[in-house]
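Two complexes, one shared chain (subunit A), two partners (subunit B, subunit C).
Right, the complex of A and B next:
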């Protein structure tokens, strides 16, 4: 792994109490009746950081705000509060030069390869586009050579057969490879991968994931890997963060997925994974539906669905706190669940100075 | 590299042309347009005629060997007038449509893309142009600017873009939500770049098929203006012929050869544009495609 160069921050991305709220447009009737404006708290105070070369998975059900978090970090959606730092500077700052650098170093891979490629552009234009608009001058030959290189890296060989095709002439897997080639062509330091394989056939998935890991190994790229698939998160990432209704419920090494999780929500997600064991194990399954993010329940936002709910849960909202080495959870009774899970001795509540509690 | 790219573009164009030739309606439309274009630009070379030569024949002479379509009230050859008038109608139709399309597309795309106050402002202006009775507006503008051919082109152009703007805005609203627009933003593309490279290519097919229909309206507008005496007196046009036929009382004296030929030509030309526009719509707009 590359050494942290001088003058570089240790964390490539630092998210502090990030909030993204959307106001729902009121209907005429609502205005007449004087109803209050409703806000959807898509992301409601998320804090984490990403080291250079690290893969962090953001896991959650649909509507948990994981995609919005990724978009806010890339400044594709305006944040309502908190801060997202890239290389130590706020992503929403307006400095032209900095923004040019930021758009080169941070890229996004989208979920749906049928939607994310312009049907009117040829593959060669799609892949070389980041180069053409990065503000530096590249001549035609260099553009073409780098496009071919990127396509072949992404597994489209020989690249020449794909250059002058339109997206609708390719399969879903091939399209996602094109999207990946376009994201890789600038050798970015950071990639937000929003469910990059969820629309693809199982046979293609492994290839695409391997590509991403290969990129990390050669270029030390960091990933924010957004997924709803826990087993995928366990497989690919160094750390996993579990989100629920706009907040991180638990964050820790990828092993928390394999059973050492303490939060009842994480536990329920893990228990919902299918197993190959013959005798059915005891599962704590989720009941009910995710509450509306417009009207959050009082206290802990997971309390209405939690199987361990206690009176304190509906009164106070638990903070995300350290429960073990690099392991944080937002549950009042995390220590209790930790000792039950047998994953190790509970670490008594400690301040942030404790090195084992560094995220 | 450029060759391979051209080849791919050529392939795409070929598909479009093939689809065009498969439909009977577009073939008929195309045939009519080709006929009138030839009539307008090759006809005058073959058929000698001077617009200002009065008294070549008798007044309101019926069709004969010398004058195949008779003469008008000033003794001019109606066939010659018809051939030389075709150019005016076509030029006005195409140029006015071009102006209308450019204004409509720019207004519509910026309105839909930026949204908010810009959208509200541009759409109110568009609404104003939509609800203003276009005929009086055109008459006033034509009177103010004077009745030269180019003024008429401009007048028709600036009064007929509102529908195109609405169409472009509606399509932009749907295109701008698609992920490739966000992808362009994520690599640092500017607004103008996104509108030009991402939105326009996806909105254009719809505008294009609409444009052909707009040109039919533009030709009719030119006819109307000329008929009402706002045309360019120095250039023959079909509308102008109808105007003079009306003034000379051709209908009441039964001089059918004076007003029927320009009338039929206008109807045919408009029909040609309408047919073509309709089949473009069918080819370029998959929702309308027959399965």
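Right, the complex of A and C next:
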């Protein structure tokens, strides 16, 4: 999978201590009373990197900050701190030329194909639009040829029958294919796919996932795959990062969601997965719900719900630490859970601070 | 006597394009305390089947044939007036996204109390006590009694809707994708809650879902529906482990099995049938890769492959 040409960075995306905080609008009364401004720490110090041609899944419950992370990398929301690098350059770079390149090379696929396509545009316009506005001159013939190519790649064959249709004439699966064709037409290096199949029936999901994998095989595209579905993340990604309240709790190979996780939160998520087993094992479900990201608990943000909580957890916030090859967890007692998880023998800490080095 | 018996149910919708045979000859039955899962792609008739049981069809829909026996009484033949007495008290429903159906300007506890007062003769004080007991049952803290819906999270609101559905102690509860819009953790909590209530009160459940893995852990029986018909029905373990209908087999391959091999999921090519003019023969035949001549001309009857496990395929026995 490694196809690093000369002069290219090994990582297509590098995220370092990324923070996105939103200020909550205060009511008039709060302003009058001079109450403190409240901030939602949607993303609160996230570090990871993505190799070329790699699929990394960000999983977590709603409110964990996975979508905001994806949007911040594409510079669609302003960062409050930290850095996101694309091809070695900061995404908040103001250089015009660089930005034009960035917008071509980094694309996004949205969750809801019923809302992400303009209902007044024909398919041909939707798919060719990125080419028409990318600044390079393309003549009509080339536009059409490349649109047809993109549609056929996305499995809408023969493309001619779809060119002059409107989105409302297509099914959900077909619409998502159109969205993929529009992303594909610029041959992006990096795609943020935000729950791309969660609105689709299981019977068509596979096609969309296969398309994404095919695109990575032909174009070496890298993906940040955002999903709440652990089994999907396990299925299609190389690595998985589990987020909780704006932080990565654990990151490692896809196997961590199949059971070799060490963080108590990951364990709880994996245990909550419904399985086809007739007689499910007794599982300890977490009580209550994710607390508000406005008032984060002191110490480990998972500590109020953690069944293994100890005094240290409510005092110090754990950092991501290396617990195995390419496997990092933000828990003070990760090594202890490691031996229980059957993930292998604990690896002595190497004093590495930056997760990207061991991945 | 069975608690619920649905026999040859046919529910049709009269539309401008013609008569849509949304549910066409569906039969299943439920014992007291038993749970059945209805699964299938969108548009296969799962929700219409459930709405027919409750007689809550939209005005274009009508029950064109068959019987719905609840405790031996034919539900389909009752007048609206009589039905109103049974709904909520005998059967109730929790919809997908039901949490958005709460009235935003009325306290949650008040809304549940209203449902109670409408069906039972209670004083305000008794109703309030019942609401508190229900809150306790669905594990909502009693400190939230005087809150409005916007002060509840999505999971809490769904719990409140379950509390409302349980208010009059129904014998049968229908869950129409009750956890689809919720997070994994909340979903697991809600399903565990429904399971607990079912065991405690011997309540039967019809669980509608598109997610096969939910059925595995939460139901006793499963009916796989396709194009308005039951393709395969039987005890959950038997159907999921030994699927005999090609549609069930394909559907199982569309879900990743995190406890098994990491194999790419497979889609089912083609589209579900048009239910105004369904294909002749087996409705799945145009998408079935094992279809033979007879499949395109003759509709398959239900065939028993093992006790309690039936499949509507001409070659069901060969596949088991």
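The definition used in the following text is that the second predicted complex is superposed on the first by the 349 of 359 C-alpha atoms of A that agree within 3 Å, B and C clash if a C-alpha of one lies under 4 Å from a C-alpha of the other, contacts with A are read in each partner's own complex, and residues count from 1 in each chain.
The criterion applied here is as follows: contacts are C-beta pairs under 8 Å (C-beta built on N, C-alpha and C of every residue); 3 or more make two chains touch, one makes a residue touch a chain.
Owing to the predicted nature of the structure, the values given are computational and were not obtained by experimental measurement.
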| item | value |
| --- | --- |
| Subunit C versus subunit B on the shared subunit A, clash or fit after superposition | fit |
| First (subunit B), second (subunit C), both or neither touched by A:105 | neither |
| Contacts of A:321 with subunit B and subunit C, given as first, second, both or neither | neither |
| First, second, both or neither for A:275, with subunit B first and subunit C second | second |
| Partner chain in contact with A:21 - subunit B first, subunit C second, else both or neither | neither |
| Partner chain in contact with A:117 - subunit B first, subunit C second, else both or neither | first |
| From subunit A, separation angle of subunit B and subunit C (C-alpha centres, steps of 10 degrees) | 80 |
| Partner chain(s) touched by A:219 [first = subunit B, second = subunit C, both, neither] | neither |
| Least C-alpha distance (whole Å) that remains between subunit C and subunit B when both complexes are overlaid | 14 |
| Common interface positions of subunit A, toward subunit B and toward subunit C | none |
| Subunit A to subunit B touching residues, read off their complex | 71, 74, 76, 99-100, 102-104, 106-108, 110, 112, 115-122, 124, 129-130, 133-134, 140, 144, 163-166, 179, 182 |
| Residues of subunit B touching subunit A in the complex | 1, 4-5, 7-8, 12, 178-180, 182-189, 193, 197-198, 201-202 |
| Complex contacts: residues of subunit C adjacent to subunit A | 41-42, 153, 155-156, 183-189, 191-192, 210-214, 216-218, 236-237, 240, 250-251, 254-259, 262, 264-268, 271 |
| Residue ranges of subunit A in contact with subunit C within the complex | 61-62, 171, 201-207, 209-210, 213, 228-232, 234-236, 254, 257-258, 268-269, 271-278, 280, 283, 285-286, 289-290 |
